[in-house]
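When the chains are written out, they are named A, B, C and D in that same order, and each has its own residue count from 1.
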Amino acid sequence: MSILLDQSNRVLVMGITGNYGKFFVTDSGGYGTTVVAGVSPGRGGTDVDGIPVFEGARAACQATQADTAMVFVPPPLVRAAAIEAIEAGCRLVVATADEMPVRDTIEIRAAAKANGARLVGPNSPGIISPGKAKMGFMPSFCFMPGPMGVISRSGSLSYESSKRLTQAHIGQTTVIGIGGDPIKGTTAAEAMALFHLDPETRAILYLGEIGGAEEAAVAAYASQPHAKPVAALIVGKTAPPGKKMGHAAAMVGSKADSHAAKTRLLAKSGVLVCKDLTDLVAQAKNALAAAA
Amino acid sequence: MMILEHEAKALLRSVGVAVPQGSLIKSPTRLPKIKSYPIALKAQVRSGGRGKLGGVIRVNNATALKAGARKLFNTTFGDEKPEVLLADPWLPFERELYLSVTIDGTAEGYVVLYSPKGGVDVESGTPPARYPIGPASQFRAQGFRAVLEKVEKDFQLREKLIFLAQRLVETAAARDCNTIEINPLVQLKDGSLMALDAKIVYDDWAHYRNSDILDQQKAERARADKYLRASLEMGHMYVKLDGDIALISGGAGMTMGAMDMIKAAGGKPACFLDASPGPTSTRGYKPAFQMLDADPSIKVILVSVFGGGTHMNRVASAMKENMAMRKSKKPVVFRLDGTYVDQVPAIFETFGAKNHPNLESAVKEAIKLARSA
Amino acid sequence: MMILEHEAKALLRSVGVAVPQGSLIKSPTRLPKIKSYPIALKAQVRSGGRGKLGGVIRVNNATALKAGARKLFNTTFGDEKPEVLLADPWLPFERELYLSVTIDGTAEGYVVLYSPKGGVDVESGTPPARYPIGPASQFRAQGFRAVLEKVEKDFQLREKLIFLAQRLVETAAARDCNTIEINPLVQLKDGSLMALDAKIVYDDWAHYRNSDILDQQKAERARADKYLRASLEMGHMYVKLDGDIALISGGAGMTMGAMDMIKAAGGKPACFLDASPGPTSTRGYKPAFQMLDADPSIKVILVSVFGGGTHMNRVASAMKENMAMRKSKKPVVFRLDGTYVDQVPAIFETFGAKNHPNLESAVKEAIKLARSA
Amino acid sequence: MSILLDQSNRVLVMGITGNYGKFFVTDSGGYGTTVVAGVSPGRGGTDVDGIPVFEGARAACQATQADTAMVFVPPPLVRAAAIEAIEAGCRLVVATADEMPVRDTIEIRAAAKANGARLVGPNSPGIISPGKAKMGFMPSFCFMPGPMGVISRSGSLSYESSKRLTQAHIGQTTVIGIGGDPIKGTTAAEAMALFHLDPETRAILYLGEIGGAEEAAVAAYASQPHAKPVAALIVGKTAPPGKKMGHAAAMVGSKADSHAAKTRLLAKSGVLVCKDLTDLVAQAKNALAAAA
């Protein structure tokens, strides 16, 4: 199995007539994702590679039973598009856009909560359930199906890490990019809880950073009695304090934000902490071994 | 990005928060007429710990003002010298408090923090009381009151704090502030509250709907040197470090992962440089190479990009063109991977570059080159 | 209260709305250097219908600017002369549109109005399309899109309008604006939108959380003469009319009812004056009497108060003290009713005043006195 | 019967320890209103004339089964107090304060709607069901029980008019002050609908003003086939255009706002329009006669 995404998700593409939208139809559709509709106001009635385009999300969902939305509109428009998709009935909305005002994300998350939906992102590579479906632009060759659930705060790092797993024949149930922003549609804690309930996920690999409170949530999960084994790589050991490292949330502001504090807390909670990227596969194997 | 104290106070005043009636000093030779001493003379810098570094002086007369201003203009706090000073009346107060609004993942939005003891040592004391809100519209007087009842005994003060906190939360949302911190918030003799100091951090990404943020971004660029300015204009995220191996990468996590690996392998990273915006165009990388080539402390440049939506054939072409434009002889080590990476070797061959099969190998070569430079 | 066009444009610019880069002219003798002609020279007045009254002039060169400025500074629009002019570049555009956000009872909050034909004649055309919202947080792109689809064919323009309208609604809520009207909103050749004119009405009662509103109130008082200023400072609501029977009343409906009755009975009301704030104190009525006594067009003052929370014994005492302080011999007619009205006759007796048993009787006497004055 | 308010309402006073709150306990309590609790943060555990004071509305409602709130706090605090009362379970909230920012009223009304509650006010005298209960400071001697439902945009005018009715022996089921602000907790249309359903209300007297859209709603009600007879007095015939007459909503901005347009529309819809205050009792009698 997998979490959140497989071939049964019926995907609506918000902004389907843009470059990203068109590439997504080809790339993710080719991967196996069930893309059923697109929205592009003013272009309803046309199609993109055979996928029908609608004026709005409500019409699209009614006509195609779409239940999942991929948002590819410019950052200032993401809030409106995501909330439109949520209110039209999409239960999963993935927003990859970075450069999103935090307030907009807060409002999307609140709208999702009020409607029983889930947001993944923003500032995220998206989510892939290898061999089944992907929502985002992950390089497909880096992934293969298998028992490892992967959670990542960073896009490229999730590709890099997944490729290392795949080369070592460790497949993944789902790889979810939770994003680098301070407010996340899906937090590490929420992603851990989903993997916990997924019977095929035997162990979890968490890819974290300095700054923020996600790692504390990972530690809290790992220290529970029936937790699945967790391996973790935390990057930013060499980041200076007080500087924002690209991601809005990646900054050592207080002591708890630092690489040392985070890795110490994780190790204490029973997480297999990777020394660095080179150590990743070894700890992933240890986690799977612990699950056996 | 953070704005200066006097800018933060102007914003607070505009939304109905009481602040001292201060005056600005832009040069040590042009001092304002102060009607009443003593005053608090305050260096306007973004760096933390200003108070402990002597950045706030109590000044009792015009002579002391002259000396104090000269001293502050000549002091460096962290890595910045003040360009402006704030002269606030030195106000007597009854209590120092701490109140802030910030973004918090576990609160799913805004959170209010309150400590009944404010001032410079707030961080070393008991952690402040937390009132998690979510979206600004979810602020509830009764919710914050319940939090305050546990830490603040003065019930009249509690009601004033509730009113002020709601205004701060509304302001954070309306003006796209990720943090509004008042420390100290003081209680005057008549019981009223006043912000003696203020720190506001804007949301960089809300520039298109907030001219204050846009203006701050322009000012930040104007302060940067020409190379950094070009890089910032391209949207690059750059943090200078003290090593000699520069890094051009994409994605914050990947960039930090590469920095860490350089260090672990015995090298010294010279910067964090995330070039994700405009990641496939020649133009996108040009300011990065120009800046790093011009920096004498840098011996090697390591380009490490692992792309999904970023197509490696286009990155490889962008590298080819950038290499042709460069005058610097600094060695460049490449490691590209991801979508269409299979097309990279053919492009690299045309200008004699080598693509490393993995990060370890690229880092190893970069360290070797840095040692031999 | 309404702010001037250039103030409204500054506010719009600050929240990311495109406006022309204009300059202000504060005197006909201090004219700015204009880089490029033609320009639109615009009288900055609050009165409506400025365009039709010649308040906007197209100016082609510096000589014409001088003449135009002198002319506009010397023209009275409605009841105001401009204190400042705005010199905006004269911009070519493709279309004139109308977009506004205002408060609407049937919308239970904010409503967006859009008309595909803006300009001076918007009111005489088809009524604008309405998008009722409620609280600002209920703005939905899909909701306004559905309204626009019926009246605006250009789908790219529709999306731009949705984005702009949401920003206007957010701004109305954040800055306590009861109306933000852009007319015309123009579409430039590149398809982008720009506010060529703007009207913003602030919510007077949000002054405590919005320094812009507080500043406007202060400026409004500064423009008033000393008597009116004192009355405004007391919170009185005053509208001058052209009759000779002044009215001091409490409550807007009651005051209008009394005005109407004066007129119906053959008299001429001289003002609307609602003295509800501070309604039982001597101080509360003093500026009203001072203002009305000083006004030569007024022959009689009718005091008509029907109080619930306002206790009539205290109003009667306030009247006694005010009568003792007055120097004017203008007759005053009283009609008090409501809570504790039974105590009024005894108080009135002490200074020889009579309390009319009903409004009809009081109005009748006021008219008689006005005729004989 | 009456609408919204009678002796069965259990009233909570927000801001009970202030001058207004204390006077209300004496005055309205003396009139028959069932005042059961008060809120004054920091003064919980005390009492005002025997009415217990609580720290917050939730505690007050739980302890006393209060279901109705009277709000007597300064205008900047009304929003918080009203929403607190609504979320504590009060189904009717009366706010008399003027000088309220419109945005605050919009938010209170939205909170009321979301919680199935009703706001009366702001900038309103409140509501009285003569002989039963009152919430506000109406001079009690002006009112008596009877068959007329009264709706007023203005406080003093409702006292003046009710006194005239009472002197003419025309009693009132309920007199509701809907307030002079552009956004009303209860609109004229909503008040008409409530009176329509009240069996004891035989006719309705509406006291309106220039400006706003309430009078159009009154006309719309009156023109329905089974409407109860409606008499109306509209003040502001002598108001100049473009000037705000005290009430934020009382301004002739467009033609429809004017006295002439409003009275014409009302008359056309079958409303008995009073020429002026002096004509009020005559038209009220005509309305009652029409109901017979």
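Some points to look at:
Following the convention adopted for this analysis, a residue touches a chain if its C-beta (ideal position, glycine included) is under 8 Å from a C-beta of that chain, and two chains touch if they have at least 3 such contacts.
This structure is a prediction, so every number in the text was calculated from the model and none was measured.
The mean-CA centres of chain B and chain C are about 43 angstrom from one another, to the nearest whole unit.
Separating the centre of chain B from that of chain D, both taken as means of CA atoms, is a distance of 53 Å. Within chain B, contacts with two or more other chains are made by residues 135, 137, 173, 208-209. Annotation for chain D: residues touching 2 or more other chains are 76, 107. The touch graph of the protein chains shown belongs to none of the named shapes. Contact between chains, as defined at the top, is found for A-B, A-C, B-C, B-D, C-D. For chain C in complex with chain D, the touching residues are 48, 103-106, 108-110, 123, 134-136, 138, 173, 176, 178, 203-206, 208-209, 237, 239, 241, 249-257, 259-264, 269, 272, 274, 276, 305-309, 337-339, 341, 359-360. For chain B in complex with chain D, the touching residues are 137, 140-142, 145-146, 149, 155-156, 158-159, 162-163, 166. Taken in their complex, chain A has these residues touching chain C: 41-43, 55-58, 76-77, 80-81, 83-84, 87-88, 107. Listed in rising order, the residues of chain B touching chain C in the complex are 13-16, 135, 137, 167, 170, 173-175, 208-212. Those residues of chain D that touch chain C in the shared complex are 20, 23, 75-76, 96, 98-103, 106-107, 109-110, 113, 125, 136-139, 142, 152-160, 163, 180, 182-184, 187, 207, 209-210, 212-214, 217, 233, 235-240, 242-250, 254, 275-278.
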